[in-house]
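Chains: A, B, C and D, in written order; residue numbering restarts at 1 for each.
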Amino acid sequence: MTEMNGFGPENYSILKYRVLYADTDKMGIVYHSNYFRWFEAARGSYMRRRELPYTITEAGGTQIPLTEAGIRYFKPALYEQLVDIKVWVSDITAVQVKFAYEVFFEGELLIRGFTNHAAINVGTMRPTRVPKQFEDALNRRETLCGDPYL
Amino acid sequence: MTEMNGFGPENYSILKYRVLYADTDKMGIVYHSNYFRWFEAARGSYMRRRELPYTITEAGGTQIPLTEAGIRYFKPALYEQLVDIKVWVSDITAVQVKFAYEVFFEGELLIRGFTNHAAINVGTMRPTRVPKQFEDALNRRETLCGDPYL
Amino acid sequence: MTEMNGFGPENYSILKYRVLYADTDKMGIVYHSNYFRWFEAARGSYMRRRELPYTITEAGGTQIPLTEAGIRYFKPALYEQLVDIKVWVSDITAVQVKFAYEVFFEGELLIRGFTNHAAINVGTMRPTRVPKQFEDALNRRETLCGDPYL
Amino acid sequence: MTEMNGFGPENYSILKYRVLYADTDKMGIVYHSNYFRWFEAARGSYMRRRELPYTITEAGGTQIPLTEAGIRYFKPALYEQLVDIKVWVSDITAVQVKFAYEVFFEGELLIRGFTNHAAINVGTMRPTRVPKQFEDALNRRETLCGDPYL
């Protein structure tokens, strides 16, 4: 399905992020779980740039909680670095969406990860279809707005 | 009102807590905002030991969000220390509750803080009275259960 | 000393921030301690815009850990809001710096806070003077760079 | 190698944990990245119960940062639940250690995860061998101390 929709790294979005002291631990590097917080920030930005903020998805009665996630740590990010968080949809089916992520500092790959999400109905808390509106947004290939606050 | 009800340090509860790597930052000490997370853990334990878990308060239609908080840092807590988080109610009125906290390591005071909470009605999100049940629980002076998981 | 140096709200910096799901709790609002993380982001940005990133301060042998902090919650921030975090130096002495913060959404004040910091020597971990370089940076009154990534 | 050393679920440790408000998000469930924090708590406890606290490993000149991690979400943990975090070493080689985790509430499996760690020399920050002392600790099969604070 990835190929059908043309999802993949060529259809990505990048969020810039300045590493906080709060992200670090006593090893002097970013604490391992904090990258998932960055992934969330990039994922939210990716959808807003396609004009489908997640608040709209939720208001429409659908949530997409995680069912699985994974991460590989190649090199740690450090305090005050301005990193690039790259995100794209690597797969989408009728009931699931999979996002992929890469974190770079000055062009060097630091981190690679993914998150799988299943659509659920907010009212019943049971599985449902990924909203059509959501899939349409993901299929939009236009140049993404460079607004840093999106 | 503090005096009337006899609230104060003599009516406290202590929660033991093992400092995590996740709590630290690159200065090698606990990141300053994480103590508030510890305060929450101690506050929840304090109420459960009085047989009024916060889930019951919420189920009864009342939440007690913070209106103010403060903290003094005397000496930082460090990774893997087993600290004592002491908590007590320092004041209570018809519409507010104030908790006080102290963190110790091997008897030495590291941190002192407080949080003020206002009662609100979950449905209307407007101010309401502190539940009678809540005040009754706070007035219980019995020896607190030593169960570490409460 | 505030008046002598002309520090105050007129010499502020604003950092825009998009509220994450990670910031929220089950009350549906931002969890109370997460605002301190935002304060740190704004404080770091404030110093970088004065061309003194905190990594430089640390490399020079000085750290400025917190000695005290306080916060008032007027109205909670919500998921996906784009808030303004305003920060300025409200006081500075030979050995301490005090920062003040306000968080706004669409012009409405949500949160007000402060953090006090004492200068310490990284090697000895003992109190030291606030670096001259640091005070110079704070005294710079030029229009701040609007670069969102600073 | 797992079989050679007899590592596996039969050689596990369990840490009890009370879910905090701080762990939750506006979906009313535990925010997905917070489980890694729980995993760290359980992993530290596991080593202390084998009389090798991580501070000793670090003091000996070795750190074991993560190289990879993964997690599957079967059912979310909720506020104030007292969950069991089960941890064991699922593999160990000369240069890496792999931990596996399961989170249960009232006997029901909620979460399954793993973390891979590579040994590095604190001084050179280069790969090194997993300390012998560390492997010895992991091979200890005695009944684990039930001390909740370990």
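As a convention for this text, a residue touches a chain if its C-beta (ideal position, glycine included) is under 8 Å from a C-beta of that chain, and two chains touch if they have at least 3 such contacts.
Note that this is a predicted model, so its numbers are computed, not measured.
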item: Chain of greatest Cα-centre distance to subunit A; value: B
item: Residue-number overlap at the subunit A/subunit D interface, same or different (half cut); value: same
item: Pair of chains joined by more contacts [C-beta pairs], C-D or A-C; value: A-C
item: Separation of mean Cα positions, subunit C and subunit A [Å, integer]; value: 28
item: Gap in Å, rounded to a whole number, between the CA centres of subunit D and subunit C; value: 35
item: Touching two or more other chains - residues of subunit C; value: 21-22, 27, 29, 33, 37, 79
item: Complex contacts: residues of subunit B adjacent to subunit C; value: 27, 29, 32-34, 36-37, 63, 65-73, 76, 115
item: In the complex with subunit D, residue positions of subunit B that touch it; value: 16, 18, 20-22, 37, 40-41, 44-45, 48, 53-55, 79-80, 82, 148-149
item: Sites on subunit B touched by subunit A in the complex; value: 21-22, 24-29, 31, 33, 79
